[in-house]
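Note that chain A is present in both complexes that follow, paired respectively with chain B and with chain C.
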Partner chain A sequence: MSRAALLLLADGRFPAGGHAHSGGVEAAIAHQAVHDTDSLEAFCRGRLHTTGLTMAGLAAAAAAGVDPLLLDDAADARTPAPALRAVARRLGRQMMRAARATFPSEDLERLAAERPQGAHQPLVLGLAARAAGLTPLDAAHAAAYENAGGPATAAVRLLSLDPLDASGLLARLSSETDAVATAAAQAADRVAAEGIDALPSASSPLLDITGEQHAAWSVRLFAS
Partner chain B sequence: MHLDHPVTMPQRHTHSAEPLSADGTRRALRVGLGGPVGSGKTASVAALCRTLRESWSIAVVTNDIYTREDAEYLLREAVLPPERITAVETGACPHTAIRDDISANLEAVEHLEETLHPLDLVLVESGGDNLTATFSKGLVDVQVFVIDVSSGDDIPRKGGPGITTADLLLVNKTDLAPHVGADLATMADDAKRQRGDLPVIFTSLTSDDGIREVADWVTAHLTEWHAKAAV
Partner chain C sequence: MSPAAQLVNDRAALAGALSGAEEPAGHPHGVRATARIHAAYNGRVTTLPQLRSDGPFHLRRMRTDGSSAKVGIIGAMSAPLGGDRLTIDVTAGDRAVLEVTTAAATLALRGPTTAPATYDVRLTAGEHAGLRWLPQPLISAAGSNLRQTYTVELAATARLLLREEQLLGRTDEDPGHLVSRLLVRRAGRPLLDQQTAYGAPEPGWDGPAVLHGHRAVGQLLLVDPEMGTRRDPVLLREGSQDGSAVLTPLAGGPALLATAVAPTSSALRELLDEALAHALRE
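And then the complex of A and B:
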């Protein structure tokens, strides 16, 4: 494996469209659930252990070579809010464009042909990791990190927080991020024996509800 | 010295620099319009649509700071049918969406090309930004930087990538020059110094046919684009 490839894939500057998404924090800020560094940390922690764990499991399974079409159905089942399904597929299309150009592989080409309207983003991330010679655990790390890092960056812009507080917050979440990635990779490892239901299916109903509401706002800064 | 790959772009997935799509059909010319807030980008897009829509098949992508504001202006003005106008959200970073991570804009452009095939021209309007905001060559073929005389006649002198490198510099609101004390001759001299032979157009979009010169410039690029695609 190339550690540098993992850094590239997990870098917020990787041009896969993530910068325009807040991971639900724009809606949370509007409801004043997030208003300072502490409440942002609570939000990121909650997202990491719910949506983050689920996405990391899907990414790890894709990187492990589990059939991406099965995983795409599993991702739909784990994403009840239609608006967030649409977002996941849109980000999946954008990740696919970046991944095909950066880490070309037959797996990516096949999925792009089979899901021209986009597969769920974590699967594409997982296949990109696989193409880069990374492990399922690496893919889970990238997905888990992105799940907390995305909202933290968005909140810095929306609340004018001190960016140093935001990076401190992400550093404090490091060991939990590692634990989530490990749990996700272990679950992906069990898919061969136990089937797709071995993957995590943690959800956060409030994110689903506010995600659906956010999609209907007429004025917003972030796409989700 | 920089050496190219022996094979030209072995892994090209954006198809953005070629006049033909992957399936061999001609894609639309993509023109970016950038510049500071309030300089007249949306007004330029609206005027271009009105002037060119009878001759060419046109679509527009807007990158609002707050989504849909510009798209809704274009709809209200009815310059194009709604299915020809798409708004892209930029996560509070308009320059990122046109330069560093162009994926959402490319998606929007390609979706318009698919649903409105064959398109001749896609105008991509950036959100209002600063003097350093330029479009990636992966997103647009040519770009226009729009400034106006009322924001200060020292802007061309200040330069920045938008002023110095845009394929066309459009200086709008020349009718306001006497009221804000802007010296158009100085602006023209400074622009010439910053841009060399690259074109500059001074206009007032509120005047009759104020967009004419710009429309002619776009038409020249469209004609050239067609000729390239036909080879």
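And then the complex of A and C:
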């Protein structure tokens, strides 16, 4: 494996479109649920252990070679809010474009042909990791890290927080991020024996509710 | 292992149990009970060839005005308590129409051990069957520890209405630890798979990304093959202090899911009733 490939995939500068999304924190800020570093940390922790765990499981399973079309259905079943399904597929399409250019592989070409409108982003991330010679655990790490890091970065812009505080909170979440990635990779490992239901489906009611509310706003800084 | 890592492993074990990989052993002090309801259509009306009460579940046939059947579940003892292994297995055979309710709220309590209780609800609806699962809320009392799973198998032409309400703690009380998974398959394909985990020691459960202080949370799932295919999401009470909800079409079939959070059980029920009225409006 190439550790540099993992850093590239997880880098916010990787041109996969993630910078345009706030991971739900824009809606939470509008509702005054997130207003400072502490409430932002609580938000990132909640997202990490719900959506983050679920996405990390999907990414790990794709990296482990589980059929991506089965995973795409599993991702749909784990995403009841249509606004969030649309976001996941749009991000998947953008990630696919970047991944095909950087880590070309037959798996990516096949999924791009099967899902021209975009597959759920974690699957594309997982297949890119696989093409780069990374492990399912690596893919899970990248997905889990992005789930906490995305909202933290967006909140810095929305609340004019000190970026150093945002980095500090991500550092405080790092052992939990590792734990989530490990659990996700272990679940992906069980798919062969137990089927797709072995993957986590951790969810959050507020992320579904506010994700749909946010999509209906006429003025917003982030796409989600 | 860190507490967070332990938790995610516990959840993974729950997922394993759900897929039939392991049978939970239970606790020596716990109650093991499996109640069964089987509704069948005899060409004229729905009958109840099997109505098997067990443990805390006393089943009572209720009067209906038409050709459908209705069963009430009456609590025969306090349950679930820590260590209990409880199952309710409900089947509506082809063309049968069945509604199941509970007489009172289900109260999860600590019991003689801090070991988790399990409460598995299996709902199966055959071709052209209609199944309504409309229990009173589940209350997660302080010190309780409950793993609840719903496993729902629907034939392609089956109809379902499922309401699930959770109250986190009694008045001015912290909740126990409540992990629930709702897994719905339609014609063998996954329609909905969601797991929620509330109460200490879950990380972040009460924060702004999950419940943000709300103590009542619920879902209402309507599956109906005759429903119009194009449905837009409906937002209910955005930004209100009295909770909010969203009604959304699912990706995998003719189904709508309402998700609601609220400060109280009555506000939650209002939101879910409102969502149902929207869902039934064509």
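Just so we're on the same page, the second predicted complex is superposed on the first by the 224 of 224 C-alpha atoms of A that agree within 3 Å, B and C clash if a C-alpha of one lies under 4 Å from a C-alpha of the other, contacts with A are read in each partner's own complex, and residues count from 1 in each chain.
Criterion: contacts are C-beta pairs under 8 Å (C-beta built on N, C-alpha and C of every residue); 3 or more make two chains touch, one makes a residue touch a chain.
Remember, predicted model here, so these are calculated numbers, not experimental data.
Q: Put the two structures on top of each other at chain A: do chain B and chain C fit, or clash?
A: fit
Q: Draw lines from the C-alpha centre of chain A to the C-alpha centres of chain B and chain C: what angle do they form, to the nearest 10°?
A: 130
Q: Would you sort A:L127 into first (chain B), second (chain C), both or neither based on which partner it touches?
A: neither
Q: First (chain B), second (chain C), both or neither: which does A:L169 touch?
A: neither
Q: Regarding the shared-chain residue A:L48, is it in contact with chain B (first), chain C (second), both, or neither?
A: In the superposed model, A:L48 contacts chain C only, not chain B.
Q: Looking at the overlay, what does A:G17 touch: chain B (first), chain C (second), both, or neither?
A: Touch partner of A:G17: chain B, not chain C.
Q: Classify the contacts of A:V219 with the two partner chains as first (chain B alone), second (chain C alone), both, or neither.
A: first
Q: Just checking: does A:S201 make contact with chain B only, chain C only, both, or neither of them? Give me first, second, both or neither.
A: second
Q: If you stack the two complexes on chain A, which partner ends up touching A:P80: first (chain B), second (chain C), both, or neither?
A: Only chain C is touched by A:P80; chain B is not.
Q: Which partner does A:Q94 contact after superposing on A: first (chain B), second (chain C), both, neither?
A: first
Q: Which of the two, chain B or chain C, is in touch with more residues of chain A?
A: Touched residues of chain A are more numerous for C.
Q: In the superposition on the shared chain, how near does any CA atom of chain B get to one of chain C? Answer in angstrom.
A: Between chain B and chain C, the shortest C-alpha distance works out to 20 Å.
Q: Overlap of the chain B and chain C footprints on chain A, residue-wise?
A: The overlap between the chain B and chain C interfaces on chain A is empty, containing no residue.
Q: Which residues, counting only chain B, touch chain A once they are in their complex?
A: Touch list, chain B to chain A: 11-14, 65-69, 88-93, 96-97, 100-104, 106-107.
Q: Under the stated contact criterion, what part of chain C meets chain A in this complex?
A: Checking each residue of chain C against chain A gives 1-2, 4-5, 8-9, 11-12, 15-16, 18-21, 181, 183-184, 189-197, 202-205, 207-212, 217, 219, 233, 235, 238-239, 244-246, 248-252, 257, 259-261.
Q: In the complex, go through chain A and note every residue touching chain C.
A: Going by the criterion above, the answer is residues 24, 28, 30-31, 33-34, 39, 42-50, 53, 73-74, 76-83, 85, 175-176, 178-180, 182-184, 186-187, 190, 193-209, 212-213, 216.
Q: Spell out the residues on chain A that touch chain B in their complex, using ranges where they run on.
A: 13, 15-22, 90, 93-94, 97-98, 100-101, 104, 154, 157-158, 218-223
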